[in-house]
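Next come two complexes built around subunit A: one with subunit B, the other with subunit C.
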Partner chain A sequence: MLFYSFFKTQVGQQVTVELKNDLAIQGVLESVDQFLNIKLKEIKVVDSERYPHMMAVKNCFIRGSVVRYVQLSPQSVDTALLQDAARREAQSTQQP
Partner chain B sequence: MSFTPQFFTTAESLVDSLDKKVLVILRDGRKVIGVLRSYDQFANLVLQDSLERIYVGDAYGDIERGVFIIRGENVVLLGEIDGNMEDTLPLRQLSVQEILQRLREEAEEKARKDKLRFQLLRKQGFSVDFADNDLY
Partner chain C sequence: MSGSFFGGTNAPEDDPIARGRAEYLASTVTDLDNRLESLALEDNLGEQLPEDQDTFNTETFDADVGEITNREFDFFQSTLTNQAKLASPQQHQNQPPPQDTMQMLQSMGVSINHSVGPEAGAGSEGVDEHRRITTLAELEAKIISQRSTPMSGVAQTVHRMADPETIARRREQRLEREAALTRYNNMMSQRDKEYIVRIQISQLLTDDPAADDFYCHMYQLSRGAIFGAMQQQQQQQQQVGLTSRSGEMTEAGRSPSVSNDSRRGTLAGVELQNSTGQERRAGKVGSPVSKQQTGGERLQQQQHLARARRSNTQSSMARMQQQVQRIVNEARRRPKVAHVAAEGALGKISVTSARNPKQAIQVQRSHGGSVSQGSPGPLTEAGGALVGLGDARNPTAERRKTLRAIEEVYTGVLQLEQLVREQARLPNVADHPSVQGWVAAYGAAKERAWAELEATQPILNVYPHPLVRVLAFAKGKRAVGRLVHHLSMDQVLALTTTIIANFESLDVCRVGSFGYTGAAEAQQREETDLFLHLVMPTALGFLAEASLQIVNGLFALFMERNNVAWVVRTRPALVFLMVVLGRTAALKQQQPQPQQSQEVYQAAELYNHLFNSLRGSLAAIFPQRPLGHMPSPTEDMHAWQFLAALAASASAEQQHALVAEAREKVLEKVQLAKDPRVPAEVSAAILVNVNMFLNALGLDASQVTT
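And now, the complex of A and B:
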């Protein structure tokens, strides 16, 4: 749930999603769900000449299972907050 | 951990793409274009009037496929096709036979190059042994 909550804070930001098939898509994060499926709008394919099939597509839904990386701008992330959240999550799910 | 049904709590949903023309990229690299009629929490999809579009170089060819039910685990991406932009594609359409012929030629060319590359890599001591037909 932690990363789902984190990505919800990133809605509206420019992100670049790199997929496991090496396709990289830049766009504005429109929404995210519990499976970390991602919806991007106003997309621009990085290295678009290699992927002509994406020319007529302006927004897309990306299945969470095919994402390799989500690249964010450092200014949009409060790493201290993230660290605290991770620590709290670790404590709350600690098994004896 | 409470159970939350996906269709109630998800901010993410494909309902906006229903009845729209979409492009689906599958894990085996295929591109299918069709009208999205249905989906579920696994991203299983039902596409109607679909065609499989094969791209080679600056050309493409379509194979009619009718109704497609795609298992969600094979879905990489689903994109809404913009009707206006689709008409101005810089690619030209060829017949199915032509595009399949081109595909074969491209595959042969790739096999030739790969054979050479793998030989060199093996000489250097690398192990080259992978199936590149799953984009995963």
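And now, the complex of A and C:
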């Protein structure tokens, strides 16, 4: 649940999602769910000459399993808090 | 073809041309008006027209089957009728259109009667004083010419709209579109849908947002809490309730958690504007007929639809909220368990939920220092410079042990912070069982963290001291910095003592702060900053409150255990000494009998000792700036501050000595400040620093003559 929680705070931010097929899409994160499926709006493909079929696409839904990277801006992340959250997550998964 | 359709009282002439002419002459616009009205109304959200306005199948609608089949439908006549009406819209606009089709047709029939009368037996011509009569050829020409003349805008649109082919075609298109979209509707009942939603939401529900949804919850608390923690927690529930059907977290759902009504309103408004722009549901917005409305009308229509949709959304959200509330209550009643074991079955079935996700494969490595990774490495090793110098026999194991200890401290810190958060919710009574439980938990967590630091024994056989090793890591510094908020005074004293006793071996003091270049220097500087900002303040704050005895004790310990002349090159040591000296001076002034008390005497002794050990090496305090670098205003601020503190407690003779030693440095700085290459604010800062020292002596930089 850590990444889901993390991405919830990123909703509304500009992110760049790089997929496993090397397509990189830049857009505003509209929503995320427990499988880390991502909905982007106002998208712009990073290397648009290679993907002309994406010219007219404004929003998209990306299945979580095909995401390779999500690039964020550092100001929107509270790293100390993220460390704490990661520690808690590690503890809670180790407990049983 | 002898009977007429309705009533059949008067047989029209068999001559279709005459009939057509008669009807042309007598036609009214009434049917046309009706058609217009019906068209306008018919496309209103695809509803059915009321009976009296649906005039399309009037010819056959009310008739019995027998009537229709027994009699041949008079296509030609009805076509002519329509065409005639088409050709003369303007002539009869003033006549009030009768609503009832029967009435209308009867009036037609009546007029037919009238017109048939005087023309009975006449051929293609007839004369009527009140109407313009024409020959058949002229009639045809007139029709054609009227068709081809450019008609006025309204007439044109009327013409286009009234064309039965177009109407029928458009209607069919619309019906086809609607049918395509709704062909597979209603596969699931409302109950089915609610069932699915319930399952999905129950996977996501968290009773305790601080546990499951830690990052998001804390982030929102820290970044935007307008109303405070409790309300945020309440709204967390609503927030989950407003997630969309597939359990997504959307912007609209986020708005209540911001708990600002105006913002929620604008967010909802934006959402709807987007939806009206993007989601064009068939037939709702932008149907073909409405395009022909004026712009203003369409805007009104859209606004009306948006309002309807907004209230729809709100009511559906309210419904979902209630649904989720029901699910939450049910979930609370029955706690979900990760493993299900049926009765009589052998073994457990693990239920995957949000709290018990499918585990990735974890490879177990055997613990203990079986993996040796070579030498600790050069100064740039991650984890602090020279931290690997733990146990000489097994540096890696020592490192791991220290890291483990830091994590234990962090665990304790997190628990403590969580308990502090819960403290707000506890009742005020002291001997309430929950309060006692809380106190016990708090104490236990604190002890656990504290034990890891091993700060209770300042001097150990192990070199370096475990606390020092903990502080060698950046995250160790952070952990200690956070822990000290929860420690008691005694514990802080113990911590400070330990640090002071082992000051030399601290990583920030190791080889002096000024011996590095490049990347290592940056790292060292960072670590020093961390230390100064996180660890020192508590220690120093403690000092600032302590009595002279304690201060003296710590001072003595510092000088005893550390090579002062060497350690004084480091910033933390300088800061520490400065604080000690300042505190001593302040306390001395507070003493009622300054000359006689033992502590003061001791303090003076210590001071002299310090001075003597520093004599001759004062110039080394200052950081060496590599040639060619621009001077930064703060690089030697701490050195000057230290000198100022030193001078403040110095006797006259000591002050002379100080001046003598610092002279060169002072001169150099003043010269630098006057250098034209140095920017104005930097030189001003330099002068300020120098003045700190000189003012303590009663001098000023302006008195210095180069």
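Throughout what follows, the second predicted complex is superposed on the first by the 94 of 96 C-alpha atoms of A that agree within 3 Å, B and C clash if a C-alpha of one lies under 4 Å from a C-alpha of the other, contacts with A are read in each partner's own complex, and residues count from 1 in each chain.
Note that in this section a residue touches a chain if its C-beta (ideal position, glycine included) is under 8 Å from a C-beta of that chain, and two chains touch if they have at least 3 such contacts.
Just so you know, these numbers come straight off a predicted model, no measurement behind them.
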| item | value |
| --- | --- |
| Subunit B versus subunit C as contact partner of A:8, first or second or both or neither | both |
| Contacts of A:79 with subunit B and subunit C, given as first, second, both or neither | neither |
| Touched partner set for A:34, first subunit B, second subunit C, both or neither | both |
| Touched partner set for A:94, first subunit B, second subunit C, both or neither | neither |
| Which superposed partner A:55 touches (first subunit B, second subunit C, both, neither) | first |
| Which of subunit B and subunit C A:63 touches, first, second, both or neither | first |
| Common interface residues of subunit A - those touching subunit B in one complex and subunit C in the other | 8, 11, 31-34, 37, 39, 58-59 |
| Touching residues on subunit C, where the partner in the complex is subunit A | 203-204, 211-220, 222-223, 244, 246-251, 254, 278, 354-355, 357, 407, 410-411, 414, 475, 478 |
| Subunit B contact footprint on subunit A (complex, rising order) | 8, 11, 19-23, 25, 31-35, 37-39, 43, 52-63, 65-66 |
| Contact footprint of subunit C on subunit A as seen in their complex | 1-2, 4-9, 11-12, 30-34, 37, 39, 58-59, 78, 80-85, 87-89, 91-92 |
| Contacting residues of subunit B [partner subunit A, same complex] | 4, 6, 9-14, 17, 23, 25, 27, 29, 31, 43, 53, 55, 58, 60, 72-73, 75-82, 85-86, 89-91, 135-136 |
